Amino acid sequence: MGEIQLNDVTKRYGDVTAVDNMNLDLDDGEFICLVGPSGCGKSTTMEIIAGLTMPTDGSILISKQDVTNLPPKDRGIAMVFQNIALFPHMDVYDNISFGLRLRNYEKEEIDRRVERASDIVQLEGMLDRMPEEMSGGQRQRVAIARAIVRNPDVFLMDEPLANLDAKLRVHMRTELQRLHKELETTIVYVTHDQAEAMTMSDRIAVIDSGELQQIDPPLTCYNEPSNMFVAGFIGSPSMNFVEGTITEHGFEAENFDVEFEPSHLDVSLGDDITLGVRPEDVYPIDAVHSLARPTEEIAAVSDVLEPMGDEVFVYLKLEDDVQTQIEETVSNDQLLMSVEPDSLIQEDEPVTVVLDRSKVHLFDSVSGTAICHGLTPAISQR
Amino acid sequence: MGEIQLNDVTKRYGDVTAVDNMNLDLDDGEFICLVGPSGCGKSTTMEIIAGLTMPTDGSILISKQDVTNLPPKDRGIAMVFQNIALFPHMDVYDNISFGLRLRNYEKEEIDRRVERASDIVQLEGMLDRMPEEMSGGQRQRVAIARAIVRNPDVFLMDEPLANLDAKLRVHMRTELQRLHKELETTIVYVTHDQAEAMTMSDRIAVIDSGELQQIDPPLTCYNEPSNMFVAGFIGSPSMNFVEGTITEHGFEAENFDVEFEPSHLDVSLGDDITLGVRPEDVYPIDAVHSLARPTEEIAAVSDVLEPMGDEVFVYLKLEDDVQTQIEETVSNDQLLMSVEPDSLIQEDEPVTVVLDRSKVHLFDSVSGTAICHGLTPAISQR
Amino acid sequence: TGGAGESETTTGTTKSSTDASGKTVIKWAVYPWIADKMPELRQALWDAGLSEDIYLEHQDLPGTAPGDIRSQYQQWLSSGRTEPDILAADTAFTIPFVAQEQFLNLSENLPSEKLDVVTENYASQLFPTVRSSDGDFYGIPFSTDVPGLLYRKDLVTEAGYDPEGENWAQNSMTWKRFSEIVADTQQRTGTEHGFVFQAKAYEGLSACNFNEWLTSFGGAFFGGRENLFGPVGKRPITVDESPVLDSLRMIRTFIHGQDDEQSLDGYTGGISPRQVLQFTEPESRTVFANGNSVALRAWPQAWQTSGSEENYGTDLGVMPIPSGVSEAQAKNDGTGGIGRSFIGGYSNHINPHSKKIDAAVEVLTHMIGNVEFRYHLFNASVVPPNLSMLDTERFQNAPVLGRYTDVIKIHAQRGIPRPATIAWNPESAKIASQVNSTLARDATPAKAMGTLKSQLADIEERLSQ
Amino acid sequence: MFHRINTTLEQLSETALRSPADANRLVFTGGTIVFVLTTLFPFYWLFVLALTPNELISNMGLVPKGYNLAVFAQVFQELPLHRYIFNSVLISLMVTAVVISLGSVAGYAFGRYEFSGKRPLMLIILVISYFPPAAFLLPLFRLLTGSMTILGIQTPDFYNTPLGVAFPLSALTLPFAIFVLTTFYSQIPDGLEDAARIEGTTRLGALYRVIMPLSLPGLTTVGVLTFITVYNEFFFSFLMTDGSADHWSPLVWGISSIIFEQQFTTPYNLLAAASIIGVFPIAVLVLFAQEKIVSGLTAGALKE
Amino acid sequence: MSTKLDSVPWRRPLRAVTLRIEQLSDTQFVYVLLSPVFLLLAVVAFWPIVNTFELSLHADSIVSPDPIGEFAGFTNYVDLFTGGLDALMPRPFVSLSQPLKSALIVTVVFAGVSVSIETLLGFAQALILNEEFRGRRWVRLVLILPWAVPIVIFGTMFYLMFNSTVGFGSEILHGLGLISATPFTSTQDSLLLLIIADIWKTTPFMVLLILAGLQSINRDLYQVAEVAGASRWQRFRHVTLPLVAPILGVAILFRLIQALRVYGVIEVMVGCNTVPSLSCMVVSTFQSRYYGTSATIAFTTAALIGLVTLGYFAFTKSEVV
């Protein structure tokens, strides 16, 4: 019940390949988040699982049964659509109960379930509103209620919380998790909210341009991204990347070096390597004592400060004459650091920083594949 | 140019009051975020400014001119709609250039602007796609491009980034900020993303049930929320609230006390008071040394741990036999604490915590109004 | 009007009656206006010995124009419908049906003595349309249709004329004199129009009005009378000859006056409104009925109405169609002189698919020679095919039509039928439009008739037997 | 009805005059009034004809020459108009039902699926409407009056039955319905059908529960147009019934028989009265149906 | 997923069928959907058409009881275009010397003029009915009602209106110098009156369809256009027009086809002799039992309409077919 398997699934629209030879293997009762940049094929994957889109190639199994040619209604799924798709001619009650009415449930049972679902999405007094008379977030909640009112084998949820405010989103997250535990349903979930992906899912599937990049538990993806794409995609703000080469002292970039013994890694001298480090693993020098194994000091100048409430992002220039490009992925001369809000760093002053060795990632610059996660004492040893 | 003033604006749909006697006064060139729970009236406010919805009461001034009865096209606005609403019969290029073509711009000028806008939203090669051939996020980006291609006096953006992934969102944020600086346009922006609201806006307007609660710079809203609603709404995860009463020793709740001299505040003995403290201002006892003025120690038991990558949320039970209710707003017997990911706290073990006195907020339990933000040394002095 | 009370309520087109139950009902598709007379007609048949178990029921004709009825009959008969049992058909279209033996052969079914009655007494002009080439009857003539020239006796008298004294109903009247009288009366009495007739481009123009005009001038469509019924393709076409042209010029003069460059000398013009070019029977009758015209060319139905007590009564005069040239001057035999009216009629036929052929035959048998039956029909303005009946006092004293039996008899003797051959339908259409267009002054009579001649030649050739 | 229209016109002009500056409003109101008047005028004329005693119908002006209201009763004595109307309504309903259901199914197939042969098939259907109805008369009459045997089976005799008219008309009005419904159905966003199917409908279920309700303006229009077309059709009605009210002849037959009744005079007043009465059921239908032609049926459904 | 369907006995076979249908692939499914439609059309439309075509390959039967003459191949068609059949028709098929009196040209002129005007008026009226105003339902009723008048009636109505002995219409138009005093005798005048009558009668057809199209437009798009600065006209030009275009296309297409087949109103109002449309020719030859000729004209008419519609598709780049 509820296992989903995609075998070599490909979907092409003309010359656009929306899903590219995707293989997925989801266990029954798993909570999987699909993440990836806009247009990478998440929704298409969902639609293929649901049976709304026929794959160009490949087959789909649900509950160990080949459903590639089965209509959606026989696949035992419920879905929250990215575009919400309420039935505009039905009021909220009818929208939510649509699937139940189709299945000829008893009136009382329907009422009970609708009440419970509308309670969960906090739409109690609104059952007789028409979709047109509701706000964007309210509509989205109706869509969620419509899905959860049923007991399918699989839930597909495409950005179900995108239009909800932070508090409601936290609430909904909890409810969905509770539901997941209660019904032991397999859930495939698309979200752009990292927190959501991290907290809710058993595994995260990272997709880029229709190709599956990594499917692993959230912390594995965060801490051991299998390639630069995943590393850069997971975590917000994004990981810092600095390009350099392997010398016999370790890693050498334009503006700083990190020393280690290259022979302990699967690299050759002169290889183009990219070093990755997350903003929270960059420390001002006065915090060096809290680090077991810091790197060598790096001289920089603070450029822009972005206070976020609970933390402050500091954009560091490694060279003096560059303009900070806040959104660039790989930039050899700047670093983003996150510090506590009570930090004393001001804009435009020299700052010396260090990295946490155990949190430094190395990637092959050409293929992007991860070479190592954390310069363990063994590697660092020269 | 670009000042917006709402005077006593009310919008009722039947018995639903979507906007309730709203007064707003936005300066020219200001970047304002409207935030509030789903259904609180943000979109309606936007539509009223745009002229798409006639207010039941009140008047609207744009650029000091009364526009209450002016049609949208004469108000000098561009808008990104919450529901996107692309023209289904036009390709991306035509959608983006629509406003320009209406104004008979030169072909080259249109091309130039469309190219620039599509560049900003990273839709370069997609100008000849039809909306139906695009993903949700791509459509939303077209909607953004359609707005920014023009030079209006006012931008209205209703959750323009809701369907974009984190990286793209960061990129778009920067671009919008740059645009804002360049054009010096007034921007009214709805977002559910706290980070967006905090980093982008000059001021945040917090709305609840159609009523304006506070309009202030982001950090003011964060640090000095004018009432419990704002305090609870701004910041994610939400502020902890604990109900108690004023005794002669200060604040006394069921499970802990915070001592101070009540007479220094505008309260009377026996008043019902709610204490608010953000998760990041709750510290495990071993971090007490980093605090200038901690409160008294509070005994608790860790319940659920939520690792978020760069931090970990710890749900604390103040009493032993309660069930953690992750989403409840006011709960006298639990606290949420955010700690570094390398913290050693495990689930289900006793933890002693302290609060940062300078970050403790007190609210009137009945009206919700803030009484004080931070127990300054003067207040704490008994 | 409404139902005449009693059991006979008028229910749409099929008149059913309660006393038909248990009897053999024979459905008879025939003129709608005799529906009211059905009880009397039925009784007359029974009185003549028809079994009382046979109940004759009226059914409306499926249309007004002969074309409608023809195509409907065509559908019914070629698909083998069993009803109606008896079909009344316009002589305009019976020829193909007879030729194709789509009706029951009555010579084989009717008692021969009755058929003899028909051959001996009925107007012979009607026979070509009901008999096949070998002489068998496929239908029995049912009515004779003749028009007349209606005029307002009161008006002409007022203008100083004496219709009774001059016996207009029987004595010779030329178009020339007619036009003078009409113009004079029109002027003296201040009547809007003088003479109205039917000149719309329709069957009634080609078969009737135009046919009458040209015949009164001694002209003919296809040479003489003997060619009227063929042979198609092997007869001369004479529509471009001068009598025909003269007749057209006369009518143009009536309409457009002497100023028309094609006007006919000696005729008084301006007596007919241009509107006649779009008139069929109802429009022209309305003008006359409203007192806006001195004279009208019309069918007995109209005589009956206009001559009734509540209308003009005895102020209505009817005279035969005037003459263009005298019979002696006429180019063709049987043309010229007065009373060269159109003569048509209806005949009854039996549906060979009927389930009640015997009863239907019985009905027809008892119609033949049944004076009572005829009399009732006459009162419904149906002129009998057996014209000798009109000589009886009974008919001559009949309420309205009786007054005009003289005219009917003259017309019945001197009238000319339409040249109803298999080619007539297309020919009729061409004739009507050419005549209408020359009357509208779109072409000279010579040119129009020239065109018509070649058109008719095409048709004759295409359909030559 | 006329009273209501008058008051509407008054209101329209009133609003126009209150803010004369608003040229748009004025043009709009003016246009509406002109359209309403020109449209109503022939009806008014029909009314004038009905009220004028027949013998007075000539050189008519703008007002009736008499007020012979009895004509409306008289026409019921002349012919069972109610029965004719009933026949027409019944046949129209039958055809409309068939056309809507078959047309919907075909419109759904054509409007929402791409398949090989789609365009040729649509063209073939369209071709039917190229032919003048007369082209069908001969074969259809034989087919539907039991005069043919196909594969040894005698075809049924529908002469003088509602089916005789309904059958051919269903087929001949179908192409139009299919094209219109195809157009409307193809415009319903895919997302809504997807949602219905996820909720558990079959494809046809989605058609019935979502696509058809959301195409209500189009569906109503097709229904109304088909109904009226059939109600007023004369070619096949004359072919397949004998004109008797008891034999399922439709209204047009009945009205025409007023003309046939008398060869040489046409009782125009009766004709006009019968027409006014005959148009009445349709007026009622249109009045109710137009409420279904409403805008914004898909509002609030999608975010895209 | 419990369902109560099975407990209703008669539904079980139905359910089995729907289940089967649901399992079909899209293409199979579509053909299953279309089969009843094509079955009906095959019997009641295609078969008669084929039959009629066969008829057109036979000579007319002039004297024999058999209504169908001998096989003649395509001679009827050849004759039609070379004028050989003109003899059997009230008016020539096509004649350059008398363009307005030939069937083809009259038909095309009628269709072209009336459909263009109906489209414009229909659009204007639909736009009015699309607005919200008090009494809209009544105005809608009024504007749609002409379509409800049977052809016999409305033909007679207009005939009487322009008949100089009854109505005053021709006097007015005559006074304006538009027509002669007896318009029904002239093809030109009759054509004009016919077009006026047809416009009155069939504009509602366009109105209804366009209105339905207008009402189906997503209102959000107007908001977007308004905010983008579109004037009333621009909203019409850039939003309304392209979005009703599909249904407008269908409406024009079918109006065009109907107009090219015009018959009834001509017969009733002005007579087929005065305004000889193609369908008039079909009917008149049919009624004369020239079945071969009639079928030939019918097929030629259909082919002509086909040609016009193909031209229309090309011109509008329509996606309809």
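Going by the order they are written in, the chains are A, B, C, D and E; count residues from 1 in each one.
Simple rule for what comes next: a residue touches a chain if its C-beta (ideal position, glycine included) is under 8 Å from a C-beta of that chain, and two chains touch if they have at least 3 such contacts.
What you see is a predicted model, and the numbers here were worked out from it, not measured in a lab.
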item	value
Third chains touching both subunit E and subunit B	A, D
Interchain contact steps from subunit D to subunit E (minimum; 1 if touching)	1
Neighbouring chains common to subunit A and subunit D, by label	B, E
Highest C-beta pair count, chain pair	D-E
Whole-Å separation of chain centres (CA-atom averages), subunit B against subunit C	96
Intercentroid distance (Cα basis), subunit B paired with subunit A, Å	22
Whole-Å gap between the CA centroids of subunit C and subunit D	40
Residues of subunit D touching at least two other chains	57-58, 137, 200, 202-203, 259, 266, 296-299, 302-304
Contacts with two or more other chains, residues of subunit A listed in rising order	71, 73, 82-83, 103, 133-134, 136, 163
Subunit C residues counted as touching two or more neighbouring chains	286-287
All touching chain pairs, where touch follows the definition stated at the start	A-B, A-D, A-E, B-D, B-E, C-D, C-E, D-E
Residues of subunit D that touch subunit E when the two form their complex	1, 4-5, 7-8, 11-12, 24, 28, 31-32, 35-36, 38-40, 42-43, 45-46, 49, 57-62, 102-103, 105-106, 108-109, 113, 115-116, 118-119, 121-123, 125-140, 143, 167-168, 170-172, 174, 176, 178-180, 183-184, 186-187, 200, 202-204, 215, 217-218, 220-221, 224-225, 228, 231-232, 234-235, 251-252, 255-256, 259, 266, 268, 271-272, 275, 278-279, 282-283, 286-287, 290-291, 293-299
Residues of subunit E touching subunit C in the complex	62-65, 67, 84, 86-91, 163-166, 181-186, 271, 273-274, 284, 286-289
Partner subunit E, residues of subunit A touching it in the complex	54, 69-71, 73-74, 76, 103-105, 151
For the subunit E and subunit A complex, residues of the former touching the latter	1-5, 22-23, 25-26
Contact set on subunit A toward subunit D in their complex	47, 50-52, 71-73, 77-79, 81-89, 98-99, 102-103, 130-134, 136, 139, 146, 150, 163
